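Following this line, the structures themselves.
Common to both upcoming complexes is chain A, partnered first by chain B, then by chain C.
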Partner chain A sequence: MSDHDSDLKPSKPAIWNDPKYRALFFQIILVIGLGYFIVSIVDNTLSNMESRGISTGFAFLNEPSGFGILQSLIEFDESHTYGRTFFVGLLNTLLISGLGIFFATFLGFIMGVARLSNNWIVAKVATVYIEIFRNIPLLLQIFFWYFAVLASLPGVRQSMSLGAGIEFNNRGLYVPSPVPEDGFSIVFWLFVIGIIATVFLARWANKRQELTGQQFPVFFSSLGLIFGLPLVVFLMMGSPLSWDYPALKGFNFQGGVSIIPELLALLLALTIYTGTFIAETVRAGINAVSHGQTEAAMALGLTRGKTMRLIIIPQAMRVIIPPLTSQYLNLAKNSSLATAIGYPDIVAVFMGTTLNQTGQAVEITMMTMGVYLTISLTISMFMNWFNKRMALVER
Partner chain B sequence: MTTETQTYELGNHPDLEPPSNTTGIMGWLRKNLFSSYVNSVLSLFVFYLLYLYIPPLIQWLFIDAVWTGGSREVCEVEGAGACWAFIDSRFTQFMYGFYPKDLLWRPNSAGLLLIALMIPLFIKSFNYKWMLGGFILVIYPIIAYFLIHGGSFGLEVVETNKWGGLMLTLVLSGVGIVASLPIGVVLALGRRSEMPIVKSVSVVYIEFWRGVPLITVLFMSSVMLPLFFAEGTDFDKLLRAMIGIIMFQSAYMAEVVRGGLQAIPKGQYEAAQALGLSYWKSMGLIILPQALKLVIPGIVNTFIALFKDTTLVLIIGLFDLLAIIQQANSDSAWLGFDTEGYVFAASVFWVFCFSMSRYSIALEAKLHTGHKR
Partner chain C sequence: MKKLTSTLLLTSILAVAANTASADTLSSVKSKGFVQCGVSTGLPGFSNADASGNWKGLDVDVCRAVAAAALGDAGKVKYTPLTAKERFTALQSGEIDMLSRNTTWTLTRDGSLGLNFAGVNYYDGQGFMVTKGLGVKSALELDGAAVCIQAGTTTELNLADYFRENGMKYKSVTYDTSDATIKGFEAGRCDMLSSDQSQLYALRIKLKNPGAAIVLPEVISKEPLGPVVRQGDDKWFNIVKWSLMAMVNAEELGVTSKNASSMKSTKNPSIGRLMGGQGEKLGLGDGWAYNIVSQVGNYGESFERNVGMSSPLKISRGLNALWSKGGLQYAPPIR
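Showing the complex of A and B:
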């Protein structure tokens, strides 16, 4: 037998037919091709920039910018550097993304559940909303809100008062801002302590239920801890908080917080547009929970609310979270459309104005794209971690 | 009280009518609108809101609207609704941009040719769909280029800066999808390749383009592309936008195709190998035909997204449908009819996107055979 074995050994393929060497060969070709491509691009770029007199490097970031920005979360004026415009833009991008994600999630969940409602008219209205707004380009929606709706609001002098000191006109929305007085910090810290205490309380209650089966009214006691206690102290101390109301002085409103129309239009459009996609995600997630689960919960005697909270939502969330993440990412990336109406996000300020003034296209483009890549990778990493925690633990 | 009691033999009782409040309109209303207190209040509230907003909207959109007229005066009548005369007088521009009026037959015939070629794709008994599809994807763009751009066959050249309107939107999204499909297929195969360098190059490419917004890509292609190539190479604006869109779109396309590749059972790969097919043969003859069939709905969805995204080219100064409406809105002869312009643009986009999404849903239902067990 043993001498037959040697005959049965597969003959060694020729070197150009061996998959191992082939793979190596193709990859070497790819590396050489790619390397040549990159080197030639870098070379061309450098020589082109030299011939056009564009300097390279990041020295421009320390030069004074010489332009003002419409809305800035940090102090900014003409004398600040180009480097600072980057952070102003970045913060504005994060602001609109954060606000957009919050409102779009809210609207999306409501509409997603409404589309599944057993109330015919509610379901139809939700369907019409979803089908209309997700099939219209976002940029068009932004223009509509900005140029057709907000621009046609009454001017500053005919400003609409929405009550509670809120003013609304074509220069934006003016909201009273809270001014804390002596002792308000105590109320604030009580609020923070309340939140921390609630976390521990919930853990303790969970443990106790697991051990003894007894339930503890966590919801109401945490309401009391977080809101009740600070409120009582607040009232006892004689309400140490006053409001700064916007008032018409000269040509514009002074005081309070002003929300520029660019932000409003962008927020409205992003919320309404992304809300439709989130609604569809939510609907798919809830539909993915089999009807047997609902029936089993009912058979156990759980109330409708508890069925939703303890049985359906936790299972639906597993299906919802991954597509929801990509919607959040889309929203963050879509917030770059701000530049079309002049909301000072990073693309408008840094890739727009700063690039036009300094001409350093390569550095600025790389920095801006780097920001979006970082945001994308961070959100998807966080969501992957979250997803892993929520994922079904299978046997 | 006179109640007649009648006795029946066991099992002979005639069927009773269902309770009157569970059938007919009343039954439907009770079940779907007024099933509980909360639902009743909700229904009435929604109906009230609809009553408040829908009739005035219809009044403005259709009943009081001014449909024709050459100038804004026709719309400045007391109680006039939407000014469709504005759209009417600018319609050609909205469709074709600044394309010369006497040459409009060229884009028109390109469009008609495409429609004529597409019709057989929807006929069930037509057996050469793959061949026709290939013709539309490969040969048709060349024909359309010569028709719209001209330059040979005795056709006058129409520079791309004269292209615009809906035509440009369609050209951009069409080119974007047709060119990104093969690149996407290669990238998807690369991402699933066992060669580490090929795989990582594909992953980096895909994740890079998927991580940045299209606007930055368009900015990049408009300011940086001229720097990348040796002096003297001149790209026109439209070509730059197209390159940006193709690079961006191919990453998304790759992910769609990858979804299809992953849905093919491993047995198919193994069977192809067992038959002794080479890599390209097993992909080209066994895997890709199945995978691409699976992802047609996904490709249609990407197309919808791209179709909406082409509006962004207005930021780098191209005149697509939205840009040209935006420009018309700021025309002093027709100032103040922004809403009409946007409503018109929205309805054009909506009709395209909605019908495509319905088509994709129908396809998905039709193609859901075999692999889903």
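Showing the complex of A and C:
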């Protein structure tokens, strides 16, 4: 019996004909080839740069930079190092990406919902907005906003006062900056405590509603906790806060917080451009929810607002989030166009001036690519986590 | 599929290996039939394309002189417009054969970028341009001003040094191209524009109303501008260096594009050596310098035509006069 069985089994193929070993063999060859390719490229580059007398290595990061940067979130002047220019540029990139993502999401959601509106005017306005700004190259829009902003605003001596000490001219938007006095830290900590308390309150209210069905006015009580209480204390303490108003001194406004026109123009362009894509994504998401859901919600007596908020949007989010992630990634990467109008982002500062002053193209380009890769992967990771949270939980 | 991948891999490895071997720029220029020359994106008088797309200028003439010396035809040049930021990478990577783009000769650039400066075709210095309405007479009154500058230049460093030295503050608005810089200045984004003085004059004629801007008298730096080549190819380095020297020597000897052919039969030994004979020492044909002078002209002619009194820029020779006339232009002898 057993003899018969072994006869029926296919004879074992020679090792070079065995698909399993073959596959393994070619994969090993490929890995070795790839490894050799990379090693030879790196080696070639290094030896070529050596023979041409181009310096290599990261020692330049500790040398003093000797140039100024227009906008810096951390302290920076000419005596700081090239390494610090990297962080100045990085923070400026993160700033514009963060602001851009926030405003583009806001604008995109409004416009996406508006395009589906039953109100003819609202729907058409949204359509026109989307179709115009989606179809013009971003770089042109950046130039348009920059030179439009610069050209239409008054000069620094004819600055426009917008009230409350806010000044607006072609050097930027100048806003009074708050100067905390004694005791202001109490108000600040109350504000922080208010936020933390609200989180716990919301959790508790949720649990209670699930158990008993009773609702708790979380929104209004959190308003009171976060803003109301600190405000009352602030007034009771006699407003321990003064303002540093911008004033024209010499050639420019001094004091206050200044928002440079490069940032404004770039933010405007990125927001408006990416907003169109987000709007279409939102529209697609809402359309993907079957109309039966709306009818069912209405039949249960939910208001239109509640239907949208509790029934449609949560289901639409599942469709919206994956393409939304791509839009966020696009925005972060598009922010590198900043260099065209002189906004000091990482490409303009680090890959521009620093590269040119040190000439170490390979190191600097790799560092900059690493930054964008890291930013993009972080956004991806966060959005994937968010997507998982929003995904349909099957029971 | 896998076979294809490995073949591709192998060929690309071979290609990389082959690429490193060629460093002889002269033979590659000869086999291509033209010189690939890096120039600015548009700076009147130095390198600027006219309405029909022909490049003209003092820097462009250096490219043409090299083409005349190496290939016998000054017209055999292809131009690559580069921003200040891109220029060194383009040269290092071999995208261009030489760079002639108002580039300042500094120690860092000479020593750590793998480049060689082949001489100085314009002695410049950094200055400031302001609008007349500002009412400023000297750069020392500019404390707290906003300055428009171009990225990736020595300008950025000199400016920082100057303001620190004098205990003044400034805000630098850094643009990518000289066009954007002048636009920003014109729109009032900055109080002043800082650049090499020659560039200030060149950029001023791009303003809608050039009369509204003035160039301040201060010169805050030394800016020797010249052509640049890659390190490690001494033969090509010599050719570029001596092409420029031939133009200066020709001016000194009184040889111009008009009298070059009649000067060929001169008895003056210096002119004789310029007009023929020394070519093979550079790896060139005999008539290399004759080709330069007859097709491009001598240094003085090039200066007058592009930036001098017969051009819109109207820059006087100043430091760029011959050494024998009180300037700094001095070329080692051809012998």
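Definition applied: the second predicted complex is superposed on the first by the 364 of 395 C-alpha atoms of A that agree within 3 Å, B and C clash if a C-alpha of one lies under 4 Å from a C-alpha of the other, contacts with A are read in each partner's own complex, and residues count from 1 in each chain.
Following the convention adopted for this analysis, a contact is a pair of C-beta atoms (placed from the backbone, for glycine too) under 8 Å apart; a residue touches a chain by one contact, two chains touch by 3 or more.
Here the structure is a predicted model, which means the values were calculated and not measured.
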item	value
Touching partner for A:251 - first (chain B), second (chain C), both, neither	second
Partner chain in contact with A:41 - chain B first, chain C second, else both or neither	both
Which of chain B and chain C A:355 touches, first, second, both or neither	both
First, second, both or neither for A:30, with chain B first and chain C second	both
Partner chain(s) touched by A:239 [first = chain B, second = chain C, both, neither]	neither
Partner chain(s) touched by A:344 [first = chain B, second = chain C, both, neither]	second
Which of chain B and chain C A:156 touches, first, second, both or neither	second
First, second, both or neither for A:62, with chain B first and chain C second	neither
First, second, both or neither for A:368, with chain B first and chain C second	first
Intersection of the chain A residues that touch chain B with those that touch chain C	26, 30, 34, 41, 44, 47-49, 51, 147, 151, 339-340, 355, 361
For the chain C and chain A complex, residues of the former touching the latter	2, 5-6, 9-10, 12-13, 16-17, 20, 84-85, 88-89, 92, 108-109, 111-114, 134, 142-146, 151-153, 156-157, 159-161, 164, 170-176, 180, 183-184, 187-189, 191, 230-232
Complex contact set, residues of chain A against chain C	26, 29-30, 33-34, 36-37, 40-41, 44, 47-49, 51-55, 66-70, 78, 147, 150-151, 155-156, 170-171, 249-252, 254, 261-262, 339-342, 344, 348, 352-353, 355-359, 361
For the chain B and chain A complex, residues of the former touching the latter	32-33, 35, 39, 42-43, 46-47, 50, 194-198, 201, 207-208, 210-216, 219-220, 223-224, 226-231, 304, 308-309, 311-312, 314-315, 322, 326, 329, 338-339, 342, 345-346, 349-350, 353-354, 357
Of all residues in chain A, those that touch chain B in their complex	23, 26-27, 30-31, 34, 41, 44-45, 47-49, 51, 118-122, 125, 131-132, 135-141, 143-144, 147-148, 151, 333-334, 336-337, 339-340, 347, 351, 355, 361-362, 365, 368-369, 372-373, 376-377
